[in-house]
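Which chain is which? They are A, B, C, D and E, in the order written, and residues in each are numbered from 1.
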Amino acid sequence: MFKRFLIITVTLLIVFAGATPRTSHEATLAQDMEPITVGAIFDLTGPTSDVSQFYAQGMLGYVDWLNANGGIEGHPIEMISQDYAYSVETAENLYVEFVNAGSVVFQGWGTGDTEALRGRIAEDEIPFMSASYSATLGDPAEAPYNFLVGTSYSDQAIILMQAMLDEWLDQGYAAEEMKVAFFHNDSPFGTSPLDDAEAWAAEHGIATVRVPMPRGATGFDAEITTNVVEAEATHIIIQNVSSPAALLVRNLGDLGLLDFVQVGCLNWCADELLINGAGDYAEGIMGAIPFAPTSVEREGQADAIAWLDETDGPSLAESTLHYTQGWVTMAVMAEGMRLTLANGEELTGPNIKANLETLAEFDTGGVTAPITFTAEDHRGNRALHVYRVEDGVWVEASDLIDLREMEMDME
Amino acid sequence: MTIDTLPKQLRENAQRFGNKIALREKEYGIWQSISWAQYLERVQHFALGLHSLGFKRGDIVGIIGDNRPEWVITELSAQSLGGASIGIYQDSTTEEVAYIISKCDMRFLVVEDQEQVDKILDLWDEIKGVEKVIYYDPKGLREYQHDFLMAFPEVEALGAAFQQQNPSFYDQSVDQGKGADIAILSTTSGTTSRPKLAKITHNNLIGMGVGLTSVDAFGADDQFLSFLPLAWIGEQMISVACGMRVGFALSFPEETGTVQSDLREIGPRIIFAPPRIWENMLSQVQVKIEDTSWLKRRVFDWSMRHGYRLADKRFAKQELTTQDRWLQRFLHWICFASILDQLGLRYMKWAYTGGAALGPDVFRFFHGMGVNLKQGYGQTETTGICVVHADGDIKFQTVGKAMPGAEIKIDPSGEILAKGTMCFAGYYQNEEATAESMTADGWVRTGDAGYFDDDGHLIVIDRAKDVMTLHDGTKFSPQFIENKLKFSQYIREAVVFGGGDLPYVTAFINIDFGNVGKWAENHQLAYTTYTDLAQKPEVYALVLQDVERTNADLPNAAKIQRFLLLHKELDADDAELTRTRKVRRGYIAKNYQEILDGLYSDKNSIDIQSVITYQDGRTATLNVTLRIESLRK
Amino acid sequence: MMATTQCGVFHESYRSDMQLRPTTWQRLRVVVVFAFIIILPFVASAQNLRIANTVVIAAIGAIGLNILVGYTGQISLGQGAFLAVGAYSTGLLMHYYELPWPIALVLGALITAMFGAVFGIPSLRLKGLYLAVATLAAQQIVGWFVRNWDPIDGTKADGAARELSMPRALFFGDKLNDSEFAFYVVGMIALVIVAVVATNLFRTHIGRAFVAIRDQDIAAEVMGVNVFQYKLVAFATSSFFVGLAGGLTAVHSTNISFERFTIDVSIEYLAMIIIGGLGSISGSIYGAAFVKLLPEILRDVGLWIADQGWLASGQLDQYLPFAEDAAFGLAIILTLIFEPEGIVKLWSDLKAYFRLWPFSY
Amino acid sequence: MRVSKFDRPYESGRPERHQLRVENISLSFGGVRALTDVSLTCEPGEILAIIGPNGAGKTSMLNCICGLYHPQKGRIMYGNHNLARTSSHHLPKMGIARTFQNIELFRHMTVLNNLMLGRHVHMKKNILTALLYWGWAEREEIENRRFVEHVIDLLEIQHIRKQMVGSLAYGLQKRVELGRALAMNPGLILLDEPMAGMNVEEKEDMARFILDINEEWGITTILIEHDMGVVMDISDRVAVLEFGRLIGIGTPDEVRENPDVIRAYLGQDHGGRS
Amino acid sequence: MAEPLLALNNIEVIYNRVILVLKGLSLVVEPNQIVALLGANGAGKTTTLKAISGLLKPENGAVTDGNIQFEGKPIHQLDAAAIVRRGIFQVMEGRRVFEHLTVEENLRAGAYTQNNPLETRRLIQLVYDYFPRLKERRHQQAGYMSGGEQQMLAIGRSLMASPKLILLDEPSLGLAPLLVQEIFSIIQRINQEQGTTILLVEQNANIALKVAHYAYIMESGRVVLDGKPDDLVNNADVREFYLGLTEVGSRKSYRDVKHYKRRKRWLS
């Protein structure tokens, strides 16, 4: 019997030996000042790991770069982070642990954890950013400590539809002839922009239909037949991650529909991974991309490219736009902390929140539209360029479309 | 009023202890209990029932069956009416039963079940005087329509009705009892002949109880499991005499087969058992330790080594150091507690062995494990015990000192004589034997040879008439050699011959099937049955080593020169052992004359025909060839 | 044969014979366990206590699932759904009817019980894999409902995301979703009650009927057990406990979303009872603890190894999280190969090893 | 309260015994006829043996009586109930118990719990008290335990009371299965090859138990058995089936002499202990 | 004497690591003989067969001590398939045939160690010679056959592997008297005509002792008695407990069974 105990113990030990899940990115440059602790969770093994891993590398890369370049007012950032495999429960556990370990701000990831932690961070007064861009999170009345660095899903969808409508009208059709099918992930993440997008479409006389994409589906032929072919949709907007989106595009291509239907992606599928996944079928697809893809040059990518080069990392193109997304998101958070320290205030949640709310037209080097937070609005921007796949890369397909300006124009 | 009889003691206990448990029987999965008050009530009812059926003062009721509450209720009932009871071993053959029944002019018999009823029915024509046979387990008896059969509850119901009519009869009857009345008849172990029936009075039983409880102060809360035959004086002595005196609860096992687990459940604080039981326990531990894993065996060996060391220190009456005491606790915790737990000895406070001599090695083994095992000495004629070890004064060669109330002396011939309150009132209807068993001045001749050591402890050599005079004139006890042989884990039983006309010493040996079997398995020696194993040359070689080891400590003339391994285990059904499992040397010598002759010839093997007896009296003849091992140079 | 008792323990009545913990050692173990339960919250850090709380909830849910799967032999893949029903019904009752949380918990569990009984109906005709597929339907239906049912949105100021925003549950002034200590007290009391109650159930004829159905349903029928009726009772009883676990999850959280109750959760719970031991209450608890603690322990060990400087920092942490999944899969495979009866069997083997000490049989 | 060897717990709580009348039943499975127009009666208190070659429909017959199969034609009357149309879980309430040819015990339960399941119909069903195990439920358990202990004693299985059934030898399992049926305190018991796979000694025990329950407890017994020695010794009447038809019924002596029975079943060496 | 075909030396079998089933069991099977293994349920007879055929493992049992020699070579370490290749075939108790295959398919399945189709055909013919009933039902699905026919098929299937030793577990279980006689006479013929050695476990001591050349009696995992059938039928314990005979040799009635038993002595 003991032999079996032994076998099990040894096997487990071998497995243990292979694991170092949590990592601490401390100052690589010797600094005397007290480090600032930042908690972060990433999905490295879960359902969204394909994109989150690059986001994580970008965020950690920025921290290393910043520490190597003097930190925040001389303070290095100590980022404690861990994979949570998109499990809400684990996210909550890690949040409690990291906050207890002294995190003053927190970098989340997905919609599930961001929503679950929303109430808690408000109570704990921990400024929180994540890669979930639900419009609710940008409303301080609802979520006082959440900040959106990227354009919200709703805004993305509206901007994309705006661009689509412009083209449609250019082609000589009427808005009433346009019909948009929202292919969305069947989750809060997927449905998040739909209400706003539908409202906007209704205003403009555009017909819409919702098409949930079941998780783990191996093909969407049935959905396509009912909602695209029979319902004669002219446009498809996908709110999902890259892999299912690519699958959908391939299905559409196989059915020969891509010539008749304009496909557009919101940010979680409008990336390099979609092009890899959909191949030639990706040509012509539009994308609402808040963080510039690697195929276009932006001033703000320079530091990241240099840093990747310096640390013998992969190229930025290989790291996808999510690398810059992570990089910039952390940069904005760092700016909030820098302002706090620069103002001689203590580095507390409320102070950082207050300083972030003074951020105006913060330039991310063109990676995103300039970021502005106010006490009434935590949506960093409401503007982006629409892109289109041409010859296998994303190229700019519109000027910066800024909803704030448009709303002001209308008023 | 003085308490000079057991029924009076029962009445006293019922008053004193009331609802405290007196009897407990494992039945239907739980230990069903009878309080002292209920005990008295049942005795009253059964006694009055017997009375209604015509039981008179001086009558004797026979009891055949396993230990159950009904057994002691019957005994006490008979005594309440001024009669006595006699227990008959339940595995007795029909012939033995018939002998005892007719010897006592018995009119009432209480038997357990169908088996005993059938036995009685077989004998019915021979046992004319019996009027009623009362059974206490009705299983299988539904079709038995004999008038003389009665169920135990029926008798109780009769008694209950009688009590309604004559509420004071029972107490009057008990009051009439005197200490000198016969309480029980006890069959002597009869290693040599037909059993004699010793008259044991209430005074004897109570005196013995007073004596033993003044050596070891049992209390009313001490647990005791009554699993040895109540027909045996040793069992009567603790469970009835001592139990009644201090008022502890008597527990009866579910069946003979479950004694081991019942013992474990009860976890008794007192046990009185013949050497056979202790030897079995030892053998069981040995086999299991052989089979256990390496680590566990090492722990056991190490613990035993230190256990023995500490036991020897205690035997030598050396002060245990603090370190020793902690070591003792540690050994207990790490090893002994769990072994004792499994044997049911964990809470044992006073353990006795008696009825025959226990080999010193077995004795030391239990002391090594921290069991307070004591030797007791006595026989039926001295109500089971008159000499015993006192706490802290235990020597494994001796049987201790005389109990309070007893006197011991050695007569010039070397025979041990005893006197005291526990000495019996003679044999039932056998004046001749009674006269032989006592000296003129009232000392009981024990028939054993012995002497006192320097500390005044009695050392028993053997039955006086078994002590042999060897060809060179030295006297020697065969039992001494037998016990020495039985040290060996491979030898279960031995019968040594020699002295007298016989020119040298020889032995019949029974191997221990479990241990020798285990040994054979470890040595890749295939065997099938007991007979097969016993006749393997390898097994002879194995036993030879132990015989040689025994011989090494013996004077030349007493050395065993030839031996053989018997083809079957000595068995009470074949009359080779007494019902208390003592070797009947004389009978064996007679019965196996052929083999004995072979041992004193030059043959290397002998062919014999041996007769075995089945429990139901059938016999069968076996033809076997037995090898003889010779140590002669 | 193995003795199951200890020297000096005997029963004079059936009542004492049928007691749960007859021997001193067993009683001592209970005392030690209770001491541990009581001391833990005072010495554990907040995050450890939080982990303990997740174990507590999982243990309740696992006991519920074990009643159905381990004891009654009805395979269910709908655990996530039943948890969701418990969580949402508790939450909605608190939100819309402003019921105090203890009442909402019990009602939520009852609603789940009814829901479970309904989904138990296919068990009349379906067995094994087929029944598992049928319970999978529960998972899908509930998932759909949660994502699309309007009242859930209504719990929030704006209806953008489909989550249930939990009203605050107060326990002696502490918020259950904020104070881990307060929740620990509530959760542990619930776990102890559930464990005792479930153990009791299997001492009675109703629990025995469940096991009978698992072992030999035809024979059970002939013994007078209305198999169908009892299967439904098993579904309901199981779901009650699972619903309670779901409700506790709800009061422990500020928001609940469907992502907590996916098919992964159903599988995780099955893993718990397989690793812990099918058909064992204590096994359910061991399994829940194992499944919930394994990642934590792996993490600490990994951290320790990293601290030793045995591994180059940087690159490795990219793929090493997979070790956790591997360890998980390995644990299940090892359990199935070496001890199909789970941790509880290992534990009883260990007890047997020492009970028979120093013998081996 | 003491439980005594002289108690007769089976005298209370048992449903009334009735005559069993099997009236012209026919049973077929997808065209294969298992039973054709079989009629027989079994009087209260008798031991009726059913014998016949393998595949003659003996087990099907028991299955019809206890509601596991529903014959297409005919009635099986027990008192006022037509068993041919009754679900098997209702039968214990009418006092009908059975054992199976291939032992259908609950292998992962102790012997005691198996027998306690036999008491199922005698226990009230209330999940709440069961969960709490308070007072009432516990008392009920104890009461029924007492009955079960009598069964254990009768069948001499004390030593395995708390062992798992799955770990027991075949012969003991057969005994436990009989015990489980007996625990119901039935008026009619159906035994399907109770002595298969046993040696003479074990068969003797089993025969003794069957006689005990029949004569002492007064339970009507229907048994299927191949051992002619046992059948002829203990049964009051014997029914012989062949290819689903009844070819003879009568006292053991009558059946022994029936030429049809000799041809179909017994062979020349009939009546011997084989 | 020639080397025995099969010898078990002191084997010990433990189930689930704690339950001791066989202890120090030794027995010998000589070539071309029928050896019967008698004993009560739970004595370990079936376990003994499984220990020989290597089928203990699936039941969590193990030979923990001793050895099993077949034709002088140890086989207790081999797995079941290797043991079949050595020429030992076990016919399990309870007639385990492939229910969904026909009789002939069952037989062919039994010949999986045969590569030669001609030989397979010869063997099938041989089986049909012994069991004409099987030939009649050659295309019937085994699951629909009666118990006796299934038992015949199980024995027939064992012949397909041309084994040197057949381990036969309770061939009479649940069979009507006529069939029992029929099957045993065939077993005897197979032994005589094919020279196949048979180790037979049987509860029906009467018939087993009639066909066997040698017999062992087991109780509680040990051999308590062995010998030639003629000797054994004269032993009082065998007569009473295995043959059901009274003292004078007449058959005891089952009505007269007592509630107690005489102690067994097992002496011969």
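Please note the rule applied: contacts are C-beta pairs under 8 Å (C-beta built on N, C-alpha and C of every residue); 3 or more make two chains touch, one makes a residue touch a chain.
Predicted model only: the values in this text are computed from it and were never measured.
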Quick check on this structure: which chain has its C-alpha centroid closest to the centroid of all protein C-alpha atoms? C
Look at all chain centres (mean of CA atoms) and spot the one farthest from the centre of subunit B. A
Leading the contact tally is the pair A-C
Could you state the distance in Å from the CA-based centre of subunit A to that of subunit D? 72
When the centre of a chain is set as the mean of its C-alpha atoms, what distance in Å lies between subunit B and subunit C? 57
Mean-CA-position distance for subunit E and subunit C (Å): 48
Averaged over CA atoms, how far is the centre of subunit A from the centre of subunit B? Could you give it in whole Å? 90
By the touch rule stated above, which residues of subunit C touch at least two different other chains? 1, 13-14, 349, 356, 360-361
Among all residues of subunit A, which ones touch two or more of the remaining chains? 1
Where in subunit E do residues touch two or more other chains at once? 17, 19, 258-259
Residue positions on subunit D within touch of subunit B in the complex are 2-6, 145-146, 149-150, 152-153, 158-159, 161, 208, 212, 215-216
Residues of subunit E that touch subunit D when the two form their complex: 19, 38-43, 93-94, 144-149, 170, 173-181, 203-207, 241-244, 251-255, 257-259, 261
Footprint of subunit B on subunit C - complex, ascending: 3, 5-14, 16-17, 354-361
Touching subunit C in the complex, subunit D uses residues 66, 68, 87-93, 97-98, 100, 104-109, 113, 116-121, 123, 125-127, 130-133, 137-138, 141-142, 144-146, 149, 162-163, 180, 184
In the complex of these two chains, what residues of subunit B are touching subunit E? 113-115, 118, 139-140, 517-518, 520-521, 524-531, 568, 571, 573, 612, 614-616, 618, 620, 622
